[in-house]
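Chain IDs A, B, C and D follow the sequence of writing; residue 1 opens each chain.
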Amino acid sequence: MEYVIEASGLGYTYPDGSLALRDINLRVRRNESVCLIGPNGSGKTTLLLHLNGILRPARGKLRVVGLDVNEKNLKLIRSNVGVVFQNPDDQLFMPSVYEDVAFGPLNAGIKGKELEDKVAKALDVVGLEGYGVKSSNHLSFGEKKRVSIATVLSMGPDILVLDEPTLGLDPWIRGDFMELIDELQRTHTVVIASHDLALSELSDSVYLMGDGQLSDRLDEPGLSQIRDSLR
Amino acid sequence: MEYVIEASGLGYTYPDGSLALRDINLRVRRNESVCLIGPNGSGKTTLLLHLNGILRPARGKLRVVGLDVNEKNLKLIRSNVGVVFQNPDDQLFMPSVYEDVAFGPLNAGIKGKELEDKVAKALDVVGLEGYGVKSSNHLSFGEKKRVSIATVLSMGPDILVLDEPTLGLDPWIRGDFMELIDELQRTHTVVIASHDLALSELSDSVYLMGDGQLSDRLDEPGLSQIRDSLR
Amino acid sequence: MHIPDGFLCTQIWTLMWIISIIILAYAIKKTNDRLGEKKVPLMGVLAAFIFAGQMLNVNLVVFGGTSGHILGSVLAAVLLGPYTASIVMACVFIVQALVFQDGGITALGANMFNMGFIGTIGGYYLYSQLSKKIEGRNALLIGAAASAWISVVLASFFCAMEISLSGFSPLGVSVPLMVSVHAFVGLIEAALTFTSLAYIMRVRPDLLKLEKI
Amino acid sequence: MEHEFLDKHTRINSFMHRLDSRSKIITLLLLVFIIVLTPIEAIHRFILYFFILLVLFIASRIPPVFALKRFVVLLPFSLLVVLSLPFMGEGGFMLLFNVLVKSSLSLLCMILLISTSSFNDLLAGFEKLKTPRVLIQVVSFMYRYMFVLVDEFYWMKKARDSRAHHMELIDSLRTAGNIIGALFIRSYERGERVYQSMCSRGFTGDIKPIKTSCLTYTDFVYVFFMFIFSSIVSIW
């Protein structure tokens, strides 16, 4: 069995002393789709930020695409793992939407017509054709969120890490997004953190986080119990 | 009939030339609760930012609590209107959660024991007792959103303007929040922008925004038609 | 280039304090009541920006009196005008001295003058002359970059002179040492002034068109 | 982000921390001037200054290691004087001694001041001492935006690193230039929004500290003692 993500006994404490991850054990197979659910502050974002080495394990072990997450392997890991941050303001830094979406592929050495196609396609997927010339600062929240998803899609990574992909999206585009994610899940390994329970229905496996710990994989009855208790 | 908010022919264009509001006509009675729904970029946030004079009408007229929104009346209007921003990062700027929640009442001249009580109560309402000493920067997205709601509740304004109050909240606390908003709507004038259609069910009136324009008030059949089309 | 307490003799530091207070008082008087709601946040953010820039670049080169700092005074002056920028720079150095002990209290007058006012007032004058002389669209950028370089070099020259006149280092040692290092540091300053302004020009050109006081 | 680096030790509860910020500002700034003005031959006076600072330090319960770390700021200029030694003959060592003693003692005063009052208290103190309003306002904004900036910078770097693997030198320089420009615009716009949210909550330009401190007997005793002490030492 090939695992692309393997965490065992993973722990993390923020510099101010907040214990955010206690003892995380998680294995994700290639092309598996995983959804993490759990209350605010339970550690979902902290866990996701480990998956491309933005945060480094304080305790325990983490392997991504078979490599230990360390300085040496960082480059390779990051070319395989695309992360969409929860707050889109954290993700966009170029002067225009076009440049932001082109940034990843450009760094991967893609140029000219191919680059243009990739950018256009990514913007098209998130429903923002023609937004290329706008400044990323000057968008509505939902538009920023969409651009930040496009910046990662344009890179075409194998593993997609999405922190609340539907945060702030309007209910009209949200439906399209769910379809998109469903499609991506067929061809990619996808790890999602979300409060959107409908999104978790699309995933192969759902885990419940609480207080820095990860539950066992939830089975159907466990999951519907949670869903019912929240209706 | 007493209207606390009266907008007629309101228009706004951002400095970079984006036309965000075209011709908004909206009247809100005292203690009425209003919910704006609409796609990303339709102008909801832009409209809400007018209600306490953060943005000033480029075209048309706007009166809040019977006063024209201009430099002279700004102070009075702002003491009546509490705004919760869409992105909590824009709202939190003090070194600790306690100071952030105390900022509004402190500016209103409240001190000592009374201040402490107000802050404690507001933190309690959003489920963050004991978070006072934490730095606002060191919270998860949902926790920040909760704090930003507390910063406005602690001021006890008559008119509450909430931009996506449930954005990023976990489904567990979201239920409590809906109850809280329901309660607030009984005693306050509340204007909400939201993508959360369940939230709109709690409001007296719902308006659909699209491309900088506001629809007429939606009636029950119109509303359920929208809801059904999005299921 | 932040001179600590004890490195200047009494005559020099009092003289520099007097000069700086006169400039600052004039600047405050000149800007008083003319700063709208929009200007104060802009001043604050510029101060923070320059502050952060100076912090991130500490220890660029630590070599005999020359921890290479990026100053930002010309950038501030181009955006805000000479007097408003002087206030911004003064705030930066006050906070650095008080909070980070970067530069002393008695030497604060000298530091404000060397690294602040030379750039905001002298640099601005030079910039407005240069950008008039040079043709074309990039006049503003090139003018700003050039005066940024000159203001850094001048600042290091003054700093070295003050220390030497106080008798703590012979002119023959301090001036060549500091000026040569800062001729290089100034290039970085010029490049950063250039790119930041170019970016601002593109995304928020309205910020360049504010009233300059 | 590590934001507490400034206010790290200001929440300790000690004699020095409880004093009103005005008393600390006046006495400690005064002491700096007196130290710098003291002729270097009067070694006994420097010993007394050191002694009183030591007492205040102990009374403030600040960890000594923290204070020691701040001394790096003296490095570059001390190095300049050391490099100049060979050219200065006889008096050279005396001069070196002079700058080292005075700069270290002044530094101690400033460390004491900044680590026993929170930044907001200090600002309120300066405001009550009639510092021009525009300076207070700009400094208070600057302090707030600094954190915004550091955060923005941190996230942009993360965002860049997440999407860039092998950058050419030119590209990485261009990106750096963009990040700096973006940093400015974004912090500015973020600052604008933060400022708007402050105004929404009744901010009118005055900084209101949570615990309004007033001068107490302890303050008067402390200021009186410091004055007497400094006057005696400086004529001794």
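Worth pointing out:
Simple rule for what comes next: a contact is a pair of C-beta atoms (placed from the backbone, for glycine too) under 8 Å apart; a residue touches a chain by one contact, two chains touch by 3 or more.
No experiment lies behind these values; they were computed from the predicted model shown.
Distance from per-chain Cα centroids to the pooled protein Cα centroid is smallest for D. Set side by side, C-D and A-D show the greater C-beta contact count at C-D.
With every chain reduced to the mean of its CA atoms, the largest distance from chain B is reached by C.
Centre-to-centre, using mean CA coordinates, chain C is 19 Å away from chain D. Each chain gets one centre point, the mean of its Cα atoms, and the points for chain A and chain B are 29 Å apart. Inter-chain spacing, taken between the CA centroids of chain A and chain D, is 41 Å. Spacing of chain B relative to chain C, judged by their CA centroids, is 42 angstrom. Across the assembly, chain C contributes residues 199, 203-204 that each touch 2 or more other chains. Residue positions 16, 89, 95, 135, 137 of chain A are each in touch with at least two other chains. Of all residues in chain D, those that touch two or more other chains are 4, 144, 148, 178, 181-182, 185, 190. Across the interface of their complex, chain D is touched by residues 15-16, 52, 54, 75-76, 78-79, 82-83, 85, 89-95, 103-104, 106-109, 137, 151-152, 155 of chain A. Taken in their complex, chain D has these residues touching chain A: 2, 4, 155-156, 158-167, 171, 175, 178-179, 181-182, 185-186, 189-190. Chain C makes touch with chain A in their complex at residues 199, 202-203. Of all residues in chain D, only 6, 29, 32-33, 35-37, 70, 73-77, 79-81, 83-84, 87-88, 95, 98-103, 106-107, 110-111, 113-114, 119, 122, 132, 134-135, 137-146, 148-150, 153, 177-178, 180-185, 187-188, 191-192, 195 touch chain C in the complex they form. By the touch criterion stated above, chain A contacts chain C in their complex at residues 95, 135, 137.
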